[in-house]
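A, B and C label the chains in the order they appear, each numbered from 1.
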Amino acid sequence: MVDLAMDGDTTDSNGLLPLALEAVSYRAGDRALIDQVSFRLEDSRRTVILGPNGAGKSVLLRLCHGMLAPSDGTISWGGSAPAATIKRRGLVLQRPVMLRRSVAANIEHVLKIQGVARDLRRGLVNAALDQAGLEPLAQRQARTLSGGEQQRLAIARAWLLEPAVVLLDEPTANLDPGATRAVEELIIRLGATGAKILMTTHDIAQARRLAEEVMFLHHGRLLEHRPAVEFFAGPRDPDAADFIAGHLIR
Amino acid sequence: MNDFSNALSTAFALVTSLDPDLFEIVGLSLEISLSAVVVAAVIGLPAGAALALSRFPGRRPLIIVLNALMGLPPVVVGLIIYLLLSRSGPLGSYGLLFTPTAMVIAQSVLVTPIIAALARQTVADLHEEYDEHLRAIGSGPLQRMATLLWDGRFRLLTAILAGFGRAIAEVGAVLIVGGNILHSTRVMTTTIALETSKGNLALALGLGLILVTLAVSVNAAAMLLGETAHRRYG
Amino acid sequence: MRRGNTRLLWRWLMFSVLVVAWLPSLATAESITVASTTSTENSGLFEYLLPKFEADTGIEARVIAVGTGQAIRVAKNGDADVLFVHHRPSEDAFVAEGYGVKRYAVMHNDFVIVGPASDPAGISGGDDAARALAAIASSASTFASRGDDSGTHKKELSLWQEAGVDPSAANESWYRETGSGMGATLNTASGMDAYALTDRATWIRFGNKGDLVIQTEGDPVLFNPYGVILVDPDRHPHVNAKAGQAFIDWLVSPRGQSLIGDYRIDGQPAFFPDATGAPQIE
């Protein structure tokens, strides 16, 4: 629960920020998967939740998005509950769920759910395909795409409605380096449009590449929350320091 | 063995001579069974999907009952519908007994549990797979049903074909509620039963061969349609 | 995307299938429902007679062919307009109980006892039905009974009574009740090389005789009369009384009667016209 120094520039036109967590815990059985986590995210920098496997990163992300309800504490997006604002955020999971349809149809499906009128849909679908470089694959069955292509499709789906916030859960964990690079480039471009990026990873090198702000999570506890430059220069928490040095921490 | 070769030649002769009685019977069989399948799908698909996605007390026993209803004996269904539609029965004033409509009703009752039970299974499986994604994009319950039904379309097509197979092959229900009236409610299966009772075994077997070929053709056509659609639209 | 069009096509297809399905139920010509028996149907009489009736009167006669007992039940329920069966006691009761208006005699033929050519009961060539059945019982030769409350079945039971035998009492294994129509029972008899009681018309037309031949015929008690009755419209107001009576009048008219008399199966007459003093029909 470290206070983040405000940097002044809070570009948030949609009222979803700040994301504020107060003493949030999540218990499954008697185990606390998330333990008394509090933080505020106020600007649209790329924030990375870093930590070893089993730290609770995915659970934390799902709590923020409103897919899980906390056992204790409160979560608010600009004052609103997560579940109420779910449609205004994009979510990309580690293993993307591909509908049994074409790439273009997968994208259009999101628009249908959101109630976008039919005549507007085609244009938006084409724009999304363009952005993600998936045009040549538009009519292919989405499930036949490679892992990297599927993940780019998932990001394109999330990008679709110009969300103010995009959450990504270990998006490149299953991908080879070439695909990873393509996905990371897409994430950077997405962030550059003004969307707030909040992503989880256990990959230290990726965090170094992408993070502007780092939250270090271990055993469900938030151990550090600092700008990336400062964090990687020298973490204050000993476990965090061990982790980025490449040691296995328990 | 003689009957079998007689059956083959009888069947061949009937088809190639474009026997009008045969076409009348085949046409009526298809009409009735296809209509029943449509009705059963319109009811069974959303019902099965809703059952897969909802949670309420008594849900598990209901699923067991639904699965068991797939094995409803056609003759029992026929008897129940007969008693309902008889002039002396509760729905007698509609005068539906011994009409093709009564036959469609009876076969719909037989086929709906099949389609509903298989739809429930398909949607439940897909639900597990898609749940996080659909929740993440804020899908409402009806939208969810539509998404899962459409994505399960190939498995559901198999369920619908299974229902059609059941309908076109059964004789117990349509015989009782239809009355096997010449030019009116006589279909392939009731004709086969009648010809058998007249001792015309080769003819009955020949008609049986035609019926099986018909069922195979419908299945093949549906599969072909499905595959073309799959390749074109995905 | 072309999907919108495909969806429209499907909707249209479904709609037309539904419409076409309901269409046959709309009676275009005038029609009556006749509850009759499997033996009459299996003889082919209706296939021969009814198109002529429709040509003469424009009325379509739709025949439900089931066992006599079931036909009577159908008529009592009001699910038919006319009853056309062959069991005098049941027909008279039907009218007496107020379900029917009046019984008209239409035609008659006869029953025969068929059995395997090997004739284990030794009844071949006889003309005494009761004695034949007694011989079948005492030799415990297999007998296939309709067992379905039909006119034929009731006749059979009365013959057993006359022979002084109760075949179903001691759970005899040679007496097989099929609970089925005439044809199905004959199929069973043929398959089992059993004796059976059948009406002559069904027998002549039956296509699976196997080893069976006629063993006993000509006994006056095997006389098989057919009667036709209009279901009482006072009891069931929806009954098409006018068309139903037209059917009856046609059957007993000289035209109908001569047609019945002219009906042949394999060159043999199947039914003998019975009506007397019938009204003229145009």
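Basically, a contact is a pair of C-beta atoms (placed from the backbone, for glycine too) under 8 Å apart; a residue touches a chain by one contact, two chains touch by 3 or more.
Small disclaimer: the values here were computed from a predicted structure and weren't measured.
Asker: What chain sits nearest the middle when you go by CA atom centres?
Answerer: Taking the mean of all protein C-alpha atoms as reference, the closest chain is B.
Asker: Farthest from subunit C in C-alpha centre terms, which chain would that be?
Answerer: A
Asker: Based only on mean CA positions, could you tell me how far subunit B sits from subunit C in angstrom?
Answerer: 32
Asker: What is the distance, in whole Å, between the centres of subunit A and subunit C, each centre taken as the mean of its C-alpha atoms?
Answerer: Each chain reduced to its C-alpha mean, subunit A and subunit C end up 79 Å apart.
Asker: With centres defined as the mean C-alpha position, give me the subunit A-subunit B separation in Å.
Answerer: Their C-alpha centroids are separated by 48 Å.
Asker: On subunit B, where are the residues touching two or more other chains?
Answerer: As it turns out, subunit B has residues touching two or more other chains at 233.
Asker: Show me the residue ranges of subunit B that touch subunit A in the complex, using the header's touch definition.
Answerer: That would be residues 129-130, 132-140, 143, 147, 151, 154, 233-234 of subunit B.
Asker: Under the definition above, what is the set of subunit B residues touching subunit C in their complex?
Answerer: Those residues of subunit B that touch subunit C are 28, 31-32, 34-35, 38-39, 86-89, 92, 95-101, 104, 179-182, 184, 194, 196-201, 203, 229, 233.
Asker: Tell me, which parts of subunit C touch subunit B in their complex?
Answerer: 2-3, 6, 14, 17-18, 20-22, 24-25, 33, 38, 41-42, 46-47, 50, 62-66, 76-79, 180-184, 186-187, 190, 205-209, 236, 238
Asker: Which bits of subunit A are touching subunit B when the two form their complex?
Answerer: Result: residues 65, 67, 86-87, 91, 93, 96-97, 99-102, 105, 109-110, 112-114, 139-141, 157 of subunit A touch subunit B.
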